[in-house]
Each structure stands twice: as C-alpha cells, then as structure tokens.
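The following blocks contain the structures, represented as structure tokens.
Here chain A shows up in two complexes: once beside chain B, once beside chain C.
Entry: the complex of A and B
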C-alpha cells in the first residue's frame, strides 16, 4: 500500500513507486465503489486523468511542482470551477458552468493537484447535516465501518440494513465523506458557522477553518461575506498544513485578504508543551453536550496538564448570545447575497415573461429550497428601515462583544482554547430530520460559529471513537493569524491520541454490490 | 456597576423596555401581519404562501429578540473583523475582460450581446390583479 497521507504518497510519487495516473485510477475506482455515499455531485474523471498525465511528465523529469503535484483532491460545489458545473447543491445553479476558477482552486491546480470532482453539500451551504441539497443527502462512511457495525452487531447482509445510515454533518459533508472514504487526499470545504469543522468531527477528519483574511474567497459563492472562509479537510494535521500553505496569502482579487507576507506552513514537531496555556471556556459546558464528548474534553484537558501545560478555565461571557447574533447577521447577509440570483445572466430562469418582477419571483421560488427562502425572508425583515437599528445594528454590536470576549481571553495569556466541536457523534439521518434545518443549525453550530464571528482560526481534530464506534473530535481555537501555532498544537495532540483509521475495506465490497443499482432519492419531509 | 444599574432603571421608565435606545417598533411585539409578509415577499422576491411564512418569520423574530438581553451601551457596531486594517485597492487599470461571449453563454435568453429581460416597471401586486398567479 502507498499510504493514506501526503508524506508517504508524495515520497512514493517522487521515487516512482506509484505514478499520478495509478493514484488517480485508484481514487476514481474508490469513488465508484462508494457512489452510494452520494459524496460527489460531479466526478471529473477525464479532467483528472489529463491532469495526472501532465503530472507524470513532471515527475519523469524530476520536476514536480510541489508536495501536491499528482495528488487527488475534491472541491465543495460552491467553489467556481472553470468549465465544470458548479451547482451549490441548488436548482438555481443546476447546469451553471463558471467561466473562471476560484482563486483557491487555481492555486491547487497550479501546484499540480488532480481534481476528482465537486462534492455535495446543503443547498447554498445552509445547513449542518448535508441533507438539504437538491442532489440528496450525503451518507457518513462511518455508517459502514467495521468499528460501527461491530458495535451494533450487524450481519454483513440483511434487509433494511441501510435505513439507519448516519449523516456526515454539514454543510461540507460531501467533502468530508470524500476524504473519509479515501477517494482523495484533501478536500476543500467552506466554513461560515462551522461547516468544515462540523463534518470533520463527525467523519473522523481534521477540519481547518483558517483566520478570516488569510485565504482568498474569490470564487467562493458567498453566503456571509464577513464570515465565510474556505475550509480544509484532510486525514491528518500535516496534510492540512501543506494545503493551507498553498492556499494562504494575499489575493488582489479579494480585497479582504490581508497583505502581510505569509510564512510557510511547515509544522515543527512540538515535544514540550510546558510553555503552553490552554483555555477551557466554561460557557461551552452546556446541558445538551453528550456525556461522552464531555468526558473526552476533560480527558484532553488533563492530557495537556499532565504534560506540563497550563490549563485554565476561562470565560467567554457572551457565548449564549452568539447563536442569536449569528442568526440575524447571517440571514441579513444572505438576503443581500442571494439577490443576485434573478435568472437573467446565469442560473435557472422560469418561463414567465410578463414582467421582470414576476420572472424574478417565480425563478427564485423554483430555484431555492425553503431553507434558503426562509433565510432570505428573515434577513429582509431584519433589514427593514424600522428594524435595522433594533436587529441588524444590535447584532453587529453584540458581534463586537463576542469578538472582544476572545481578545480578552487571549490577552490574559491563553495561547489556544480547547472546546468540543459537536454536541455528540454523528446521528442517524432519520433522527436528524425530525427537526427543521434552522433548529438543527442553531443546535449544531453552538461551539463553532462564535469563531466565525471573531474571524479566528480553528481546527477540529479527531480524538477517539464513541461507545458506538463513531468518531468524536475536539476543537482548538487560536489567535488571529496564528494559524501555524494552532496547527502545531493540534499536531501534538493528534500524535498523543492516535485516532484509529476507519476500516471500510471488506464491508465496501458487500455494500457496493447491494447499492449499485439503488437510486438515492432525496427524502422530503414537511417539517 | 452602580451607575449602570441606575441608568438602566431610568431608561426602563422612559422607554417601557429593558434599557435600550431604539425606535419604537410596531412589529416588535412579534405580531407578523399579512401585510408585512406581502411587503417582505415583494422586497425579497421570494414567497412562502401565507400562513407558513407567518409562522417561520414569527419564530425567527422571537429568536432574534433574545438579543435585547444584551447591554450594548456605548458599543460600536462591528462590520468586519479586519476593521483595523486598510482594504487593499488595486490600481485602476484594465487587466482582463473581453469575454462577452463566454459570459453570454450562461444566460437563457440572449439577443446578440444583450441579456433579454421581460418588461420592467410593472410591480408584482398590479400583476396579480390581472394575470393568473405565476406557476410554482
């Protein structure tokens, strides 16, 4: 085997033990085997093989472009990819083919990465389950893992064996499933309220949310301009650092990227944590937190302390208002950002032609699902003249208080905060859909979205398996633009906990035989 | 601490609410009227159909109303986490373009180099009086 992380694979490519085309074929075959996960909306087989051919020529000359040359990657379908359909999981953009690459996409291509495809998501990245896109929900590969199945004492073949499959979390669930199922080595997600870290935790992956302003948003179809960032999903922290190193840096096409020169992202192997101060925010201990996650959180804190780090309880007093503040700001920015979809220049257009407004209204009714429409309506309410001060400006003030909470904590000597990423391990789809999207998002984003409001870097690292055999991850939050330090601490933690590799092999052959002809209909339930 | 409590008390008597300065909002009680929904649906150009819209919006407002519990006296609104920095502005030179054909390809209705729109200046309400409701 050639290994499942970048270091061994890169070495293998350089030494000729494997060619980019062979690697590409392996991943394409994996995509076919795991089609039932519904991780991909578009598989770019031809493009990938072409890119692999080019990469091979470079390796033959001994001139690879870098560590990502010949490496299969997947990209969430809300990043613009030139000549490749980009849908945002919505009817509004079905068939839309962008004429340009998002900056982060171009950077990956410039380093020789191979595009396996565009991954599935909640429609317009609104959601925390990857269940609300028009192409159907994404299934968590851990549903089919030996670790999970053994705990449930499932027989390898059986009727209705698949009715209790688990969600990936969201909204970057397709990217998470793609990496978790070994169809690629890294995937891009986006993170506005936790959309990269949430599925990372539920799929046993490393999920990075860089500092706002570090990575270009040009070409990332925007949700909340003041909070969106591209996110990175990988199987280990070192791999995430390699990708972040490629993506970070000023982009003249995105004036919200900082102009400071970006240092390379080589992570030192930390051995001495005695100079570290870890903060544990007490407001994050909420009643809804599962006892398993809580106990792992405590275990992690104890681990740092036992190795000499200073571990202290800190306070982020406005935590309980964070999700409300996010709700107002997010819907308001969404109301503005979604206004561009009117059917005239791109995207879906209805058949009505009597008036511009009638055409716009019908186009948008047909193009957007109810989650999107709901947020647009709410956002427009908060932005009404008579409400602007009470809701929007108020939320902006609360945002400052939340950001200041973090500043105060970091100024008091804390280097890194340690929190849970999610309330529990991944839940079954049938359970998840019992509540509506807005309720779920409000619950599931609780640990992740304050970070977006403050623009800080954060990373979810898988720690251990639950009693059910499912991954649980913890979150580290760093100071603004101290992404390298954050990843260094995360790498140390990853080494200590030795999270197990997902065991999919045998089961997959059974599964793919059963599910080959199964059509994945999207379940629509009124809720 | 004392000064703040006194100020809050004063405002409460004046404004009839918990110590915040804001315009009296007729919708602040959480009552969402059919009129308001219609107004929003026309501004947003998305609809929900009557009662469901009302229910959703009322829930969203009730949730947002929790912000009233935060004391934001003297706090400036935060627009961007990068407010202490200057945005980068590149020089005003044309560096790319001339891609009209490529861009026109993405539209459903095009005539030569024009995007074609239906007639404008006809508000949605007037339309509902004359035409059958748009197909959903």
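Entry: the complex of A and C
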C-alpha cells in the first residue's frame, strides 16, 4: 500500500514501489468507476499516460523533477489548458481549445504532475453547489460512503437513496469530488467567494485559498478579477503546502502577483501553540448556523485554549454588509469580463446573421445560462452612469471597510481567525435546488467571501463527521501573505482532530451495478 | 488567426477607413499630407478668412466659434500597450495578434514600459503636470473590432494633465506675419487602439483585422481655445512636429497614426458657449480645417435661420466637403466605466521620491526623462532665426515640410553661400520644384551637396543668378551631372575677360548710336537697353553690374 497522500506516494515512486504509469492507471480506473459522480468534464487519459511515461523515464534515471513528478492531479475546467478543451461548464465555451496553458497549469507540468482531466463546475464558476453547469450536477462521493450510508439506514426514510445524493458544494465541486473519490491526489479549484473552501468542507478535504497576489491568475478564466485566486484541494494540509509551494510566486504575465521572491512552503510540525492568538469573530455566529457546526466550532476553540493558545472573541463589525457588497462588485466585474464572449473570435456563435447586434444577442442568449445572464444584467445596471456612485463606488468603500476590519483585528495581536466554513454539512441535491442560485450563493458564501474582498489567505480543514456521517470543515483566516503561518496552524489542528478517511467500500457493495462488480479494494485507500 | 467574418447591418464608424482611402483618393502624397499649402501662397479653402465669424454685416449679431480637439496619436513602440505583439503598419491581416489582443479568456494585460515613457515625454513636452499615480479603466461598448468588449483607457486619473501647446499662425496678405497662439492641454491619457473593420458591402460582411488592436495610443485632449479651422490645423501640425521630434509617435495622418476629432460650437461673444457637435473622420490637416470651417458656418446658418444645434456626432464627407450626421449609436451610449482590476495603479517617481536602491528597470523617473528630452520645434525655430537671421515664417516653413530642415542644414554645411541666399533658394526654388511635382523632400532628385555646389558657384560669381537657375533645372533633370559639369558644358560661366567685354560693349555702342544719343540727352534708362543687348551678345554670361560699369565709363569718356 502506498497511501493516499502525497508524501508516501512520492516516496513510493522514488523507491520504485510503484511506477507513475501504474499510479496513473489506478487513478484512471477510479475515474471510470466513479464516472457517475460527474466530477470530470474531460478525462485526459491519453495525455496522462504520455506524461506518466515521461515521468517514468525520469525516475528510471533517478532524476525526478520534484515532489509532484508522476503525481496525478485534476484541474477545474476554468483553467486554460493548451490543446485541451476548456469549457467553464458553459455552452459558450463548448469546443473551445485554448492555445496556451495557465501559469499554474504550466507550473504543475514543469514539476512532472500528470493531468487526469478537467473537472466540473458551475457555469463560469457562478454558484455554490456545482449544480448549475451545462454538463450537469456533481455528486458528492460522501453520498456513497460507508459512514453516511450506515447512518441513513438507521433512519426510516432511506428507501429512495439513489435520488437522494448530496451536492459537493461549489463551484469547484468537480475538483473536490475528484480528490475525495481518489481519482487524483490534488486538484486545482478557483476561489472567488469561497468556491474552493466550500466544496472542500462539504467533501471532507483541505481547501486552500492563497493570499491574493501570491499565485498567478494568468490563464484562469476570470469570474471577478479583483477577488479570484487559484485554489488547492488536497486530502491533507501538507499536500496543499507542497502544491502551493509549486504555484506561488511572481508571474510576469500577471501584474497583480507579488514581486518579492517566495520561499518554499515547508511546514514545521507545531508542538507548542501557547504563543498563538486565535480570534473568534462574533459576527460569524449567525442564526442560520447549524447547531452541529456551531458546537464543533466551539470545540475547536476550546481545543486551542486547552493547549495554551490565547483564544479571544473579536469583532469584524462590517461583516453583515459583506455579502451585499460582494454581490455588487462581483456582478459588475462579471458584466465586464463576460463582454468578450460575443461569438466572434472563439466560442459559440449562433446562426443568426442579419446584423452584428442580432448575432451578439442570440449568441449570448444561447451561450450563457440564466445565472450568468442574470449577473451580467445586474452588473451592467450597477455600472450605469446614473447608478455607479450609488452602487459600485459605495460597494468599493464598504469593501475597504471590510478589509480594514481584518487589518484592525490582526493589528490587535490576533494571528489567525477561526470560523465555520459553511452553515451546515452537504445537503441533498433535491433540497438544494429548492432555492435559486442567487439565494444559495448568498447563504453559502456567507463565511467565505469577506476573505476574498480583503485578499487574505484562508484554509478549510475537515474537523469531524456530523451526526449524519458527513464532513464538517472549519475555516482559518490568516494575515495577508502569511500563508505559511496559516498552513502551519491548520496542520497542527488537522493532527489533533484526526478526521476519518472516506470509506468508499460501502459504495462498492451498494452500487455494484455501477462498478461492474470490480473490486475497489485493489486500490489502496487506507493510510 | 483567420479573419473572423460577420454580416453587417450598418456601415461607417470612426477611424474605420481613416487610412484606407484618405491618401489615394484625394491625391495626397503619403508624406506631405500635412502641408499647410497656404504658407506657400497657393490658394486653399481652409485658409480663406472666416468671413462670417469675423465680419458681421450691419445690424447682425457677431458670432464667435469655439473649437476643441481630441487627438489620438499612435505610440511609436516595438510592441503593443499591454501585449508583446509587434507593431507594424500594413502587415498581413491578423499577423500581429497575441492571445491577449484577441481577448482569449484568461489573458491579462501587462503594461509596456516604452509606452509609459512616451506618454511622460509627450506630457513634459506639452508642459503638463505628470501624475505620479495614474489609473486604468475599462470603457465598455460592443463592437466587432473591440474583441474584449471594452477598451482599457485612463478615464479617472490620466498620466498627464494641465498642459499647453504654443503654435504660430501666419497672417497678412503674404502670410508674413506670425502670431503666437496657445491652446491648453486638458489631459493626456494612455489607451488601447481598436482593430479595424473592413465592410464588404457587396457580400454584406465585415472583415476584422486585429493587427492594430491593442496598439498604444496617446489621447491628447485640447481645451476649446481655438476659433477656426486654420488654428486647429496649425495646432495639430505643431503637435505632430513635437511628437515626431520626441519620437513618441510617427504621427502620420495618412497612415492613421494621428487621428483628430473636433468639438465645434458657436455663440455670441459674452454669452455662454453654444451646443457643440463632434466632427469625426478627419484624416488630413486640410480636411480638418475644411470640416471645422464648414461646421462653424453650418451652425451659424442654422441658428440665424431660427434652427437649433443638436449635440450630435457628425462625419466629414471629403468628397462633398461637408459634415453629415452619423447614424450614431455611440453618442448616447453609456460606457459603464469601471476600474481595470488587472492593472495596479501606475506609479511614477521623480528624483525626490525615487526609493533608494530602486531597480531602474522597475521604476520610471520623470526627472531622468526630462533631462533627456530632445530639442523641440519651437527651440529649433528660435535657433534658426538667431543663427541665420531668418524670418520667423521661413523657420516655420522649414520645419513644416518633412525633411526640409535637414536638407537646408546639409546645404549650409557644404556651401560658401550666405545663409540668406541658401534660405531663399531652398524655400523658393527647391520647395517650388518639389511642390510642382508633388514630391517629398526625400524624393528630391537634387542632393544637398549638389545644391551646395551650385550656390558656391553663384557666391563666387562664377555664374550669374539666372544661369544658376538654369543649372538647377539641369540638375533636376539629370542626376548624374554635377553643377560644375553643367556650367562648363553649357558654357554658362560669367565672362571673366574684361578686355573682351569692353570690346563687346564698344561694338554694341557703335552699333546703336541712337540709343547712345538718347542717353547723352539725359534719358538714363536707355542704358538698360544697352545692357540687355550686351547680355544677349554674351549669351547671358556677363555680370550685368560689370557691363553697366563699363558702359558708364565709356559714355562719360
């Protein structure tokens, strides 16, 4: 057995216990077995096997490129990949094949990582469920876990299980499902308002949103340029640190990346937290918060306190304005960013050709879903000359206040903030779609989007399973560009809570038809 | 990238064809597009005095016109404003297009340092305040040759503000009087150029060429301090000379590197400004002046006939010589300006604010650029006036014609002739020949050396002034011969043999006793007849002053 996290697998590759091709094939077979999760839009089997072959040659020579050489990864389908279709989960970009790699994709390739495929998402990353993409919703692997199934059996209404599957959260739900279902070791998501941390929490993964400016956005098809960051989804904090170490640093193609050189992300194993000050923002205790999440949040705070850390209640007074402000800024930038999709240079083009304007209109109506079109309309409204001061400028001012809230708290001596990531654990799809995308996004981004407005680093770490047997994650927020300190604290926490590994063997027994009677056990899923 | 095509419902838009038909159809040479022909005394509509605006008939109100300009100058740089694509005029369509220029999703702008330096240089040359911090904005509109759906510009906080441009307008019958005028520069902003749309009406299609998309532009906004077409054209010409001297733009109107929109209104002096119209599609100086004067007159006529002026965009139709309203979708459009989130504020430094140990490749120092500004045209003209005793209007003409100053200076270097003689020959004879044949200075068949040699012969009295003109004509026709060769072949040297000349004079006097009689009776003008006869006999090779002297001596003896 080679384990499920990067370090032992990397060691296994170096020692020749497993070859990159074997590892790649194991993951490809997992992708096939879990196809019904709809985690991938495109599986790049050929590409992955070719990369594995190259990697194998390097290992044979004893010259691997780095810790990621031969490691299967997945990439959200809003990162440009050269010669590989990149759709953003939209009709608009179906069939669009970028001629270049996003900087983060190139950096993974330069390290020898194997690309397994492009993962599913909400259309143009607009959503919090991974349910609103043109390729259909993503199913949460935990829906089929032994842990969840066993709890369900105890309840009376467990008869209609197949239609009762859970959402992954979003918008990087495909990436989360891909990592959670062992089809790869790490995946790239994007995080604009919580799109990496939210599915990480709901799929029992570590989800990192780096500081704005630490990781290049070049090649990431934008949602909100001033808030987007590439996110990382892994099964443990150390893995996330390895990937972040590879991705971080100045990119001449992205003028918003930091100029200073970035040191490698090596995480010390903290033994003493007594010098730490953990802030608990009181505004994050909202009525909608589930009692289970609330009690785990309290437990986590107690844990720090019991080990000698200073835990204090802090105030981020402008928190309640944040989600509205986010909505104005987000839709405004969306309206602007989406203007380029006009059917001329690339992407979908309608058949109507009576005039350019008619062509634009029909192309955009056919290419975008209701969520995208709705945000474009809102954004253009906010940007109108007569509304600009009232909405956009005001939202920018509020954004500054929100960012200052964080600055003030950190200046008062707090090292890291501890908050919930989501209001509750993952909900069933049928439950989720009772509310529209906008309502859901406003609810689900409540604890996460303020961090994007302030450009801070944050990480969601799975803490425990709920009474239903579903993962619950908590969020740590750090000072700008103190990503390493943040991850170090998260690693200590991860070690204390010992979050259980997802047991997908249950899935095997119950869904044998889906798995064509193949034994999943051959792939080592245990520690 | 293949040229994307689409069908098109309407035609015509600013700049779309600025450089396609501007030059050829109207017979303007590529390089002398900006000749202010009036300075050479040729007639031109643009230079006729604006009668209505200045000379009201009795009982009528006086009208005053107000003209402001918005000028787009393409920055002369190797690569585009935000991408690494090359900048070339007339490259094959869509051959200079980066992923960013085609607005591929995920691409980001990276500011070109050279373009920033060009903006700073231009700002300094136009006496602007350079903003140490400036910002970029997105201006949104849908257009086929604007692939991103927005243009990156500097709406809120431009790189340079509050400057001025001084220019000289020639007045008087012979345009001998130069009056200095000043126009305030509101701001200079950096922005992206658009691509080009080529409308194929036959197939009702539009072809898009993105070679120009993303090229750096300097938008120079001039305050409404001008009053007529000629002032505007002269101010633009001066700006063009400054840009060329700085090397920040080639500023060739025919190639679309300099594009001018004019805001025009009329009002009664002492009353508030009238409603203004914007006139676009002005692709030469001549049309600029013509369009503005037409528009002023049109507005006055409209108002005097009880009509009103609409705040609209009008296009100049150069064939009809008038402005017509554009079917305007842009005019009332809301551009939904928004800060460009992918570009941090542009921060510039001066000697005082430059951080210690700053990497000079990472920062731009305004003072460093200021110290290295090249000589500006106004200074060059002052030097010409001072050094060569030149008339101010001559200094203007020398600079206005591309390459003429350099030609003049090369002649001066190589000849012994007086600067005044050189000035006169270069501006009257040489320039006259060029204009007659619609040639640019660079296309002249006569080199500065050849003219210098000729003027040296003239100065040394080896040939007469009229012979010199003959030699000049020969030089123009046959490049292979030198002035000296032509002089000797055509036997144009002045007669140096005084004895022979005396004999000739004697013979002429003897042959025309009646004329000599007249002279002796006191008709002094009769001597000219004798001089003429001698000159004719010498085939114009004798110096008339010498002939006169000999004749006078003989008559008085």
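To be clear about the criterion, the second predicted complex is superposed on the first by the 502 of 527 C-alpha atoms of A that agree within 3 Å, B and C clash if a C-alpha of one lies under 4 Å from a C-alpha of the other, contacts with A are read in each partner's own complex, and residues count from 1 in each chain.
FYI, contacts are C-beta pairs under 8 Å (C-beta built on N, C-alpha and C of every residue); 3 or more make two chains touch, one makes a residue touch a chain.
Predicted model, so just to flag it, every value in this text is computed and none were measured.
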Name the contact category of A:333: first (chain B only), second (chain C only), both, or neither.
second
If we overlay the two complexes on their shared chain A, which of chain B and chain C does A:105 touch? Say first, second, both or neither.
neither
Who touches more of chain A, chain B or chain C?
B
Would you check which partner chain A:318 touches, where first means chain B only, second means chain C only, and both and neither mean what they say?
first
Using the superposition on chain A described above, determine whether A:366 touches chain B (first), chain C (second), both, or neither.
first
Could you tell me if A:377 is touching chain B, chain C, both of them or neither one (first, second, both, neither)?
first
First (chain B), second (chain C), both or neither: which does A:217 touch?
second
Based on the superposed arrangement, let me know which partner A:80 touches: chain B (first), chain C (second), both, or neither?
second
Touched partner set for A:256, first chain B, second chain C, both or neither:
both
First (chain B), second (chain C), both or neither touched by A:403:
first
Where on chain A do chain B and chain C both make contact?
99, 226, 252, 255-256, 259, 335, 342, 344-346, 353-360, 380, 384
Contacts from chain A onto chain B in the complex sit at residues 96-97, 99, 212-213, 226, 250, 252, 255-259, 318, 321, 324-325, 327-328, 331, 335, 342-347, 349-362, 364-366, 368, 370, 373-374, 376-382, 384, 386-387, 389-391, 393-401, 403, 438, 442, 453-455, 480
Show me the residue ranges of chain A that touch chain C in the complex, using the header's touch definition.
79-80, 88, 93, 98-100, 102, 217-222, 224-226, 252-256, 259, 332-333, 335-336, 338-342, 344-346, 353-360, 380, 383-385, 388, 392
The chain B residues in contact with chain A across the complex are 20, 22-23, 25-28, 36, 40-48, 53, 56-57, 59-61, 63-64, 66-70, 72, 75-82, 85, 87-90, 99, 102-103, 105-109, 115, 117-120, 122-124, 127, 131, 134-136
Quick check on the complex: what are the chain C residues that touch chain A?
1, 4, 6-10, 99, 102-111, 138, 140, 142, 144, 147-150, 206, 208, 334, 336-338, 341-344, 362
